[in-house]
Amino acid sequence: MKLRLGMIGGGQGAFIGSVHRIAARMDDEYELVCGAFSSNAEKAKASGLLLGLSPDRVYASYQELLEKEKQLPEDVRVQVISIVTPNHLHFGPAKLALESGFHVILDKPMTFSLAEAKELEKVVKTSGKRFCLTHTYTGYPMVKEARQVVSEGKLGKIRKVYVEYPQGWLSTFLEGENNKQASWRTDPTKSGIAGAMGDIGTHAFNLAEYVSGLQVIKLCADINTVVEGRRLDDDGAALLKFNNGASGVLIASQVAAGDENNIKVRVYGEKGGLEWQQDNANTLLLKWLDKPAEILRTGAGYLSSYATHNARVPAGHPEGYLEAFANLYRNFALSIKADIAGKPAEKEWLDYPGIEDGIRGMAFVENVIASGKSDAKWTDFKI
Amino acid sequence: MKLRLGMIGGGQGAFIGSVHRIAARMDDEYELVCGAFSSNAEKAKASGLLLGLSPDRVYASYQELLEKEKQLPEDVRVQVISIVTPNHLHFGPAKLALESGFHVILDKPMTFSLAEAKELEKVVKTSGKRFCLTHTYTGYPMVKEARQVVSEGKLGKIRKVYVEYPQGWLSTFLEGENNKQASWRTDPTKSGIAGAMGDIGTHAFNLAEYVSGLQVIKLCADINTVVEGRRLDDDGAALLKFNNGASGVLIASQVAAGDENNIKVRVYGEKGGLEWQQDNANTLLLKWLDKPAEILRTGAGYLSSYATHNARVPAGHPEGYLEAFANLYRNFALSIKADIAGKPAEKEWLDYPGIEDGIRGMAFVENVIASGKSDAKWTDFKI
Amino acid sequence: MKLRLGMIGGGQGAFIGSVHRIAARMDDEYELVCGAFSSNAEKAKASGLLLGLSPDRVYASYQELLEKEKQLPEDVRVQVISIVTPNHLHFGPAKLALESGFHVILDKPMTFSLAEAKELEKVVKTSGKRFCLTHTYTGYPMVKEARQVVSEGKLGKIRKVYVEYPQGWLSTFLEGENNKQASWRTDPTKSGIAGAMGDIGTHAFNLAEYVSGLQVIKLCADINTVVEGRRLDDDGAALLKFNNGASGVLIASQVAAGDENNIKVRVYGEKGGLEWQQDNANTLLLKWLDKPAEILRTGAGYLSSYATHNARVPAGHPEGYLEAFANLYRNFALSIKADIAGKPAEKEWLDYPGIEDGIRGMAFVENVIASGKSDAKWTDFKI
Amino acid sequence: MKLRLGMIGGGQGAFIGSVHRIAARMDDEYELVCGAFSSNAEKAKASGLLLGLSPDRVYASYQELLEKEKQLPEDVRVQVISIVTPNHLHFGPAKLALESGFHVILDKPMTFSLAEAKELEKVVKTSGKRFCLTHTYTGYPMVKEARQVVSEGKLGKIRKVYVEYPQGWLSTFLEGENNKQASWRTDPTKSGIAGAMGDIGTHAFNLAEYVSGLQVIKLCADINTVVEGRRLDDDGAALLKFNNGASGVLIASQVAAGDENNIKVRVYGEKGGLEWQQDNANTLLLKWLDKPAEILRTGAGYLSSYATHNARVPAGHPEGYLEAFANLYRNFALSIKADIAGKPAEKEWLDYPGIEDGIRGMAFVENVIASGKSDAKWTDFKI
């Protein structure tokens, strides 16, 4: 039985919409049944056609979609709504979808503002529906293994967390060259108060907290707009303090010319350290004080149930970004299906990012931008 | 419009069947409509059910599948048959499927013997149907780029080709431990005359010829059965001579203890060399006589149309084994759809492995095993 | 003609003394003729004997060494004094050596305090003698190449500098276990006001300024003492602002458990970025906005005169830490010999770290520690 | 006490002569006291002067050197002769030096022919002098560790050995461009019957036998002269059989365009495999069947006495080619000094390549070239 999926946003030419659809298809847990792909009606229709949807389930707006689908018979109507619009169009559809009785998968950063995020949290709780926020990187098997290594205490008490996300694609004034991705991501009316910090800083922040199992309680940020004419930050770094006393550094830049997308996290404890980076995604490096470093690999027999559950092929067949993304979709589906079946979901299935990650992510955005503007050094991480 | 796909073999628990299905789903070009998943009728039914197929299109045998589907209305019946059985069950279904008017995707090695391969070649030609052999590694974007670099003469005349495929998973007598994969792959009644040479040697051979654009004309092989009690080769190496005068070395082993699946090819010409390996699949290294080596990356803007067409996400989002596999399925579908639409297929679409690769692969198996047994040094590569 | 070298500090069992001696011997530019190896007279004698020195030139104190050597005939007496004592014993010997008419090679950090550093600067200027501070990492051929790449404008205007020096060797309370290295390096009476920041932070700072050609003008630091009972910082990070408007991050830690010594620098400009790390010391990675990244290698024909001059063997024969150290000694010797010969020194020879690096390094120590204690965010980099 | 060293060959501009001298100086175990650096008398004198030798100990020929030095007082005359001439000038000086009562360090390949090698073996035995052949790669700490890992049985019985030495520097007809190195190395009157096989094939062969602890008993070779006009082989590969039943592959090429000097060895046993390559010389990778691969590093505390003895700096300070070379010189010196002191040499000191390695190396040259010319497949490895 596949879950019936609807999509809001993600029309032709959209990068992340296509990624969501591949992720949804990968493990055959979903069937795309409807969509409101664009505010441009013609483009919306064309996208739906291309995706093989029944024309009567390609809608002109998310409101129409949710309204009409609600009225369809229970075994026909959509069950999960995937929202892949720019940030300023996250909250409205998500709220309405939840209130309409649908589970929601939402792209990050969760909302336009922290206030919206908190509001959405209430809606999620009230709705009783499941909610998934696509912090992709936590879907990698070896990121899950990393979290296990830490949570089992193998590294001892955690002392340091370094996380970095260097990109170079915004090194020039791309938003002036009719680049759609660059345009909305650097537009404060669409992205919110943050550029790089919202787009990739939130990923880095989420990865750091996910792997370390810790929470940031203070930060001190340097936020920069490097490219002339740009309206939002395209670069930044923050010193971090965690709730167990550990300290850390977060780096995120979109003007690291020549860099691609190599998000990387390092966590050190009393007994050893770990290192994972997307460019070598199937490897988790464990380093020790007094014995050889170890290379853990996706698909190997010695991994935790979390890493094993989130891999599809034997060791040595690289799994990538799309598989990591698909893991979010799969775990979300497995959890919903368990609900439907009236069974408890396995703990590995429930390990997908949710509303709490979104709240913390939006708090990160607001706190880090505020710190960037502040003359004070350490500022409390407020939610 | 999705192509209607049927599958022969690949019941529950099969590794490669699942991979084929993910590959077929990835780009939404296929819809699985029927299957004959197992010779065990109950298992076949269960597999079909799990895959959400209509029970009346889950068949007890491939003969039944092909017979019954043929009789369905044209717009309902299956269009493409994917065959994922062990080697000894390749030829029969493939022949019948083609003769029944269906396009065929077949797992490698193509057949049980070269004689069967030649017979199948005739059937393909007579049938007028498209045929794809799943030599996965040629589906990687950077392997396609490698082939372009060579074919455009950037390296000058090719002089050396090194290809290696070291695995360690058969380092112990796994076939004695009720391991299904190990059992059939080491069984001469199911795999044919070769073990490692058929299973992974053919991949290495195919990759070497694909990237270099050359053909092996002579070889000299050392073929070993290392693990006691094993009935087929689990290790080997061959010295190679190519049709342009270049020489090479092919290594394939399943007793390289601790190795995973790191197939690697290096090609050297008068002006430079290239290097690609699956463990770093999104990188193609170009090395030059008198300037810095260059790192080409999947998704980058400077790549050839072949590499670009076969990637889904921007540079820095790793694409892996499943994406490479899916590229075969996608290109095959795009070519078939072009046929249906009465349009010429793009050259990038037609770049999928076919019957000729299968003929050469089976000839490799027979020649390399024969050379391994021979006291003569160089033996001509005979087809 | 070899320069006559004397050593202060570096008796038996000292790590860095031995490194200095190997560096001095490597290129045959020096002959060790005298030493005051230890404040322990017996140990000093034993060390001198082991090193094959004439007993009458093994002295009980640096004062004695400088006094007696000064009285030897010009063609016999020492010419260059190498000082490899702990930090608190840098200034005295260096000052006296310069005032005694000898050239000085001094280990880093330059002095116990910035005040001493400024005082030493005056002595150097008055003395007219050459002075070298052993910031080893700037001796690597590919670090020199990196500096050239930046200074020639290949990366465009520099925007970001990341430098990191993660070590793990002080993850435990080693100074409580009779470890000589750990003891003095964590002792404020010997190291000065900084632990990690003085020992490795100064290296990171120097490398960042050397490669980027920029100067830090503001910083904001988080300085930590992680291991209980330790008397100095063992960890820290700083946000940086440079004199051209670029920003940066500096990381230095001695509690990055499992890490060795992998100092790494990344510099990004408008057109591209570069990356160098000690663990892959013979490679300089250049990354570009719109073309493949390039791998530059020690010993290759396409390098600048600076990189070429500082390598000894053809490409592919790895040169390491000792060779980098030796480059400092060699360039210092070549410069002195040019003076002696009354010829101008080549620009490549003059490229060794000197008093100015020491002043800035000690200013870094004082500024970074002050910032760590301050509640203010950005503090001006004061000298 | 330093050993008094004399050098035959290695005048100005010679690559390997300079390497030997750095190696000899590195650990202060030798003092260069005399030399016959060139058959060109003027060049010989100039070289001696540059090296700071007393003019009366710079000789016009090796015969003169040995004759005259023999007559000097015992505590003045040379003790160790280092021979760094082209291959055809190895045997004569080595024989005479040994017969004159001096220890000998000889560059590889040992002699011009196997016959000479056998003759030299007799001379060594008769002379009672120590003899070292500079197979540099066995001087790397992690190569020594690799040998220990195998010899202690950690990998179980050895099954496979892959060794490769790909270089690209002879990809063009460099010997036609007045390149001194290329000229003699491709000249059969100077190099002997082999080009690439003698120059680098012997290194690969030696490394394979050293690490595996096995001996080749059969081989089957493909030997090529790729560049037009070249008089000796510049490329080749060989299938190998070892004395314990293991098989292997050896690759050596000087036309692998763009490659530097990345000699690499992989050894697999029943339980695991190991991998070492010069380009990452301070890492030894151990791979296991059922647990994570391990990264062993030069200088770490967990290494064997062999690896520890042959390193100079703590982990993370890379040691390179010159240090590996120096390890040969150092161990040779320590062994000789033990003899002089009438004490047994430590087993770690005695682990330097000697006459037996030379015999096997020259046998490799003759066997591999013969096999390359033969139509027979396997040929016995004859000495």
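Letters A, B, C and D mark the chains in the order given here, with residues in each chain numbered from 1 onward.
Throughout what follows, a contact is a pair of C-beta atoms (placed from the backbone, for glycine too) under 8 Å apart; a residue touches a chain by one contact, two chains touch by 3 or more.
The model shown is predicted, which means the values in this text are computed figures rather than measured ones.
Chain pairs A-C and C-D differ in how many C-beta pairs they share in contact, with the greater number at A-C. Of all chains, the one whose CA centroid is most distant from that of subunit A is D.
Subunit B and subunit C, compared by their mean Cα positions, are separated by 55 Å. With each centre defined as the average position of its C-alpha atoms, the distance from subunit C to subunit D rounds to 34 Å.
For this pair, subunit A with subunit C, the centres built from the Cα atoms lie 43 Å apart. Multi-chain contact residues, meaning those touching two or more other chains, occur in subunit D at positions 259, 286, 293, 297. The touch graph of the protein chains shown is complete.
Residue ranges of subunit B in contact with subunit C, taken from their complex: 286, 290-297, 300-302. Across the complex, subunit B is touched by residues 155, 159-160, 162, 164, 166, 168, 171-172, 220, 222, 224, 226, 235, 237, 239, 247, 249, 251, 253, 255-259, 266, 268-273, 286-289, 293, 374-378 of subunit D. Those residues of subunit A whose C-beta lies close enough to touch subunit B in the complex are 1-2, 15, 18-19, 21-22, 25-28, 51-52, 167, 169, 259-262, 278-281, 297, 299, 312-323.
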